[in-house]
Structure formats: structure tokens, C-alpha cells
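Once you scroll down, you'll see the structures, which are given as C-alpha cells.
One chain, chain A, links the two complexes that follow: it is found with chain B in the first and with chain C in the second.
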Partner chain A sequence: MVIYSVYIVSKSGGLIFNYDHSVPKIETEKTYSFPLEHKLVYQNKQIVVAFGQRNGVMVGHVLLGVNGAPVNGRTIEDEKNPRDAFEVLENPENYPINLKFGRPKMSTNEKIFLASMFYPLFAIASQLSPQPRTSGIQSLEADTFRLYCFQTLTGVKFILIVEPSQTGADLLLHRIYELYADYALKNPFYSLEMPIRCDLFESNLQSLLEQSEKAGISSV
Partner chain B sequence: MSRQGARLDAKKVNSELFTLTYGTLVSQLLKDYENVDEVNKQLERMGYNIGIRLIEDFLARTGSGRCYDFKDTAEKIQAGFRIFLGVSPTISNWGPGGDEFSLIFESNPLTEFVELPDHCLNLKYCNILAGVLRGACEMVQMEVTSWFVQDQLKGDNVTELRVKFIKRLEDAIPAGED
Partner chain C sequence: MTVHNFYMFDRYGQLLFYAEWNRLRQSGITREEEAKLMYGMLFSIKSFVSRISPLDNTSGSREGFHCYRTSKYALHYMETPTGLKLVLNTDNVAVNVHELLKQIYSQVYVEYVVKNPLCNLSEPIKSDLFEAQLDAVVKQSHVFTSKPT
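Up next is the complex of A and B:
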């Protein structure tokens, strides 16, 4: 039973809430000697492994740190002398070198972007349908996760990303809707369509997810 | 009912507390505005703001689907009164087009201890309910209007709230819904 994350998208398609529940952290740190066994490229403001998948470092992982200093964009944020990461890596004199690779983290901006991308996808799905009056996407399946979407009559979408084998997501989504009705909407300082920043909502959601992971969704 | 009884009960409060709180609100508005019509308008507006939030609670609790006929709507509004106010108004006096009906309240928890003073005979004491209905229906893409035709506070036998369907808000219907 693994629940990865929860998203709430407003009627107008904006991301109003997101919560990462249990996304496993994948990071590998290792000392390398020259020449480097991974081919790296710079894309989307990150240094990404393009080829050469070995020792736990996968294609698509990004360079997170060099000799303990964090990497931001293509710069090594060393306090004393910030340097360009590619220049450092191409110079044999800098080896042996300690590199940390990991799965890229999604920034809030990217999440907002993805949430607003799901919105038209959902609408297209209902229009492509051979039957009249079809709902939009209710679940979307991939090899590593399943996405469940529940749209309320008022147009708010609750999206749950879980392990593929997880069952009972509909029930859990409905519980989350109840929490939203109770702790977000009854908060007088929350205005509709705005991002939800309610601690009570978040802590109740958290305990709901924990409970359903421990004891199964049917028990919540 | 989607929630277990125990959890629902925990949230119930004494209706007298609610009655008195509402009374305080109305009398404060009368002090602030000194104008009965303005108070009626403010109550409706507050109700609207309550309604647009309350509808989610109603939907989450009852799990009810979309209405495709105003008769369904009437029954759901009746259920809503049962859930939130603990009263069951009767539905009657359907208009010929099926787009108008009345909710008849034998008793009204909002007015339990209330007598209207002479200077505010025009006050629609329960006008917040009209606002709640408008706000809640608007969120499910229905425009309705409602008004009081009989009021126990004004000497009638029952309180009658007339509800009229105006139109469906087609533009606002979320994709994948219709």
C-alpha cells in the first residue's frame, strides 16, 4: 500500500493543493576517477545523465552535488569559489571526485504546470468519447503508478497518485473530499479558488493517508 | 450517508445556540445599517457566501449526483435542510412548468424565540436561507431565486419559501460532466 501524492485542482484548472506523501528518495553518492563513466548533458536547467546507466545511477537522474557542495543549474555552489560543473568534470586534475546523483525533484512551478496540463487532457477525454455524456479521465495507468481523478459536481478535481496495485482509491478520494469540505471550506480565512494553506486540512489529510496505508483503505 | 453516525453526531450542536447566534447577527446588522431593506440584502449576501461553501459539505456527505430535473433538486434541498437545520420542510405548490415550488416550514429553528418589533415589519428575518439556496445551486450550475411568501413571524400559519428555477449555467458546467 503506497500512496505517492495528492493534488487538488480548482474549477478553473489551477493547482490549489499538493501533498507528497511517500515518494522514496533515491540518491547515490560515489567517488569517480577520470574519465567519468556517465555521459552528462545540460537540459532544463539541470545536469542530467543521458547515457551510461550503472551502479544505481539511472538515465534521467540529475547531478545533485560535487564533493559535498550542492549543484544549482550548472554551477557548483561552493561557498569559496562557485564554478561551472562541466569545466570541473572535464578537467582530469580534479579527479578522484565525489558525485551525488539522484532523481530530479519537481519544483512547485512544474507541479502547477502539470496540473494545468491535466485539465485540458481531462476535457479532451470526455469529448473524444464515442458515447455522449462521458466523464473525463477517472484513472490513468502507467507501469510505476496509477493516477485516480475524482471530479466533484462543482468542478474541483481531486487527484491521487498511488502504486499500481493499490485498490480502493475512489473511497479514499471521497474521504479527501470530505476533509476538503470540512477543513478548507469551513475555514473563514480560506477564499475559494485560492491555494489551500490550512494546517488543519493538511494534518488531517496526513493522518488519513497514514491510517489507510497502515490498516487498508476500507478501514478509514 | 457516507459518514458514520458517531462522527456526524460529534459535530451536532444545540440548536438553541445556533438560533441565538443567528439572532445576534440579525440584530447587529439592524444596528449597523438602521435600514431594513439593507439588512435583507446583507443577509442574502451572507447566505450566498455560506451556500457556495456549504454545497461541498452537502455533496461530500450525501454523495448525491447531478440533478436533471427540478424535482430532484427540490428533494435534495429538502434533504439539505434535514442535514443542516434538522427540519423537514414539505415540498408543495408546484408551478405548472415544474420550475417553481414552495418549501413549507411548520417550525423554523431560526425563529424559535423571535418576535418582530413594529419598526421592522419589512424585515425578512430568515433571508439568509434564500442566499444559501442561491449560492449552493449556483455552484452546481443552476441559477435559482427564492423569496418568502408566508412567514410565521408575520402572523402566517406556516413559513413558506418559494423557489424558482431560472436557468442552467451551461458555461460553467465542468468538462466531463455533460
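Up next is the complex of A and C:
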């Protein structure tokens, strides 16, 4: 089984903890000839593929490297001469050129944004319920992953993202809740609603996830 | 197992059809408002799912997500390549609801709305035949039992 990541959202909807356990790296490296088969645009301080999805490079992927040198913003961080990536790509003399594309990593800001986005979805799901006294979303099945959410009585939400074939993650969520109670709440230096920065919590969570990945959830 | 209610939206978010069977609780807002809230939630879930997904969606399906479950009910979602959205709320033990949604699309919507020259596809469905056939298909399905458990 594969556990992708764990999020903990406080009762006011803010992200207080995030741990990426095994997020797969999606990168494609290929040598291109002129003209380039992907249309690239510069947005959010990244060079993003906007059109021309082929050979494993999808729309939304980011240009990570040119001829082995990393790309930062729109400049190629070549030690000898940093250059503008678009100028290099537009010049036919630079081809054949080796480009590395990859799926962008989520930034911390994006994670905070997504965690607070889940909060209203959770609330609306219980408002639109055809049955009385329903909880919010407990599991969500998507094409590429499955999301499990466990809300404690005090309103803290534990969110687990696992691969789609995985079942029985609610057990694991209860174990994470135990760890939270033991290593975050009992820590005198931890204040409620604040981001969790407890080494013990993190290391115990890590070993719990590793154990359940190796031996299955029933063993935890 | 039981079926609670059914929504159908066109690609612009307009409610085309609504039906309910064993709905035990009304949301307390008008049907129109409720449909907007439902469509808004589905729209946000789709965007949420595509952003939080650790992998690229390579299956080429449009919906991105299939269903969510709460403690009492489950929402099943299907979207056709034309952007037609079908939503079916059942209790949370129902299985294979996706098959039922596909059946509703191919055997009821396509047969009695798309092939009906009097139905305008961009307007709410007023066909009695469609309503009757939908009712029959849902009531015959294994997901449906008349008595809520």
C-alpha cells in the first residue's frame, strides 16, 4: 500500500500539520529539436506547459532543467552564464536541446489553501444531506487517490491521502489521532490551534506510516 | 440499501432534472438554491481533487472523482464527455452505483431525451416519459429497496 500524505486541520479550518510520506516524483527528460513541440508560458514564477501534451509531458508540468542546468524562475542557473530560458528556447541555434519537465511540487501556501478549501466542502456535504444528522465527508474516491477524513469531537480534522485500492484507512486515522493526543496535546510547549512542531510527534507518525505500509493497516 | 435523490446538471450548471425517492430530510432552502449549492460543491470538489492529487490524471476521464461518503449517505457522481453531470445520493452501503448512473444515461437520458425531438437539450427536462422511465430504472435496480433501513 502507498500512503501519500497526511494533513491535520484545526477546528477553525487552518492547516496545522502536513507530512508528505511518499509523493511520487514525475519527471521526464528528453532531447528536443527546433521548433519545440510544447507551448510554454511563464506564470507564478514558473515556466509551465500550457499546450502540447505528449510523451509524458502534461499540461501543467513545469520546466525544471535545460541541458542539465536547473531552471529557477525564468533564468537558467548555469554557473558560467545565467540566461533567460525563453531567449534560449526561441533561438534555433541552441537546438538540439535537453529539457527536463516535471509535475510541480505543492508549495506550503498551496497546501494551506487546499486544507482550508476542504473545510466548506465538508460543511456543505452535511448541509445537502438527504438524511438527518449526517457528518461531513468521511471518504472521497478519486481517479488517482482516495481521501479519508476523520473529525474528532473537538473539531480537529485528520486527512489521509492514500492510493485508490487502499481500504480501512479509518483505523490508521484513529492511530494518528492517538499520536496527536499523546505527543502534541500532552506537550507543554504546544498551544492549541497552532502549527504542530513536535519532533516526537513527527518521528512517531513517520514510523507508524512506515509500519502500516510494510505490514498493512491491520497490524497498527 | 436505498436511493435518496437524483440531480442532473448540464454543462453550464443549470439543473435539468431532479427526482427524489426516500428523502428523509429537506435542506430547508428552495430547490433552485439547493441545486446551485450542489453544483458549486461539485465544482469545488473537482478543482480540489485535481490540485491535491499526487499523480497526473492519465485515465482521461472528466469527472476526477467518483463518490464521497459520509456517516449516513454517499454521493455518486458521473460526468459525460459533453459535460452532462449526473448525481445520485444513496445510503452509504450501496455498491455499483456507477453502473446505475451509466444505465440512467444510456437507457433513459439518451433514449427519451436526446432522441425526443420535442426536448431542447439546454432546458430543464419536462418529459413525463423520461420521468416515468427514470423511476422504473431506479426502482428496478439492486441499489433500490423501497423501505429505508
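One rule holds for everything that comes next: the second predicted complex is superposed on the first by the 211 of 220 C-alpha atoms of A that agree within 3 Å, B and C clash if a C-alpha of one lies under 4 Å from a C-alpha of the other, contacts with A are read in each partner's own complex, and residues count from 1 in each chain.
By our rule, a residue touches a chain if its C-beta (ideal position, glycine included) is under 8 Å from a C-beta of that chain, and two chains touch if they have at least 3 such contacts.
Keep in mind that what you see is a predicted model, and the values were worked out from it rather than measured.
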More chain A residues touched by chain B or by chain C? C
Let me test your reading of the model: by the given contact rule, A:K11 touches which partner, first (chain B), second (chain C), both or neither? first
With the two structures laid over each other on chain A, which partner does A:N67 touch: chain B (first), chain C (second), both, or neither? neither
Based on the superposed arrangement, let me know which partner A:V23 touches: chain B (first), chain C (second), both, or neither? second
Have a look at where A:R133 lands relative to chain B and chain C in the superposition and call it first, second, both or neither. both
Is A:N94 contacted by the first partner chain B, the second partner chain C, both or neither? neither
Does the superposition put A:L121 against chain B (first), chain C (second), both, or neither? second
Partner chain in contact with A:E110 - chain B first, chain C second, else both or neither: second
On chain A, which stretch or stretches are contacted by chain B in one complex as well as by chain C in the other? 125-127, 133-137
Touching residues of chain A toward chain B in the complex: what are they? 11, 122-123, 125-127, 133-137, 151-156, 174, 177-178, 180-182, 185-186, 192
Which residues of chain C touch chain A in their complex? 4-5, 20, 22-25, 27, 34, 37-38, 40-41, 44-45, 48-49, 51-57, 59, 61, 63-73, 75, 89, 91
What does chain A use to touch chain C in their complex? 4-5, 23-24, 26, 58, 103, 106, 110, 114, 117-118, 120-121, 124-145, 147, 161
The residues of chain B that touch chain A in their complex are 2-3, 52-57, 59-61, 63, 65-66, 139-140, 172, 174-178
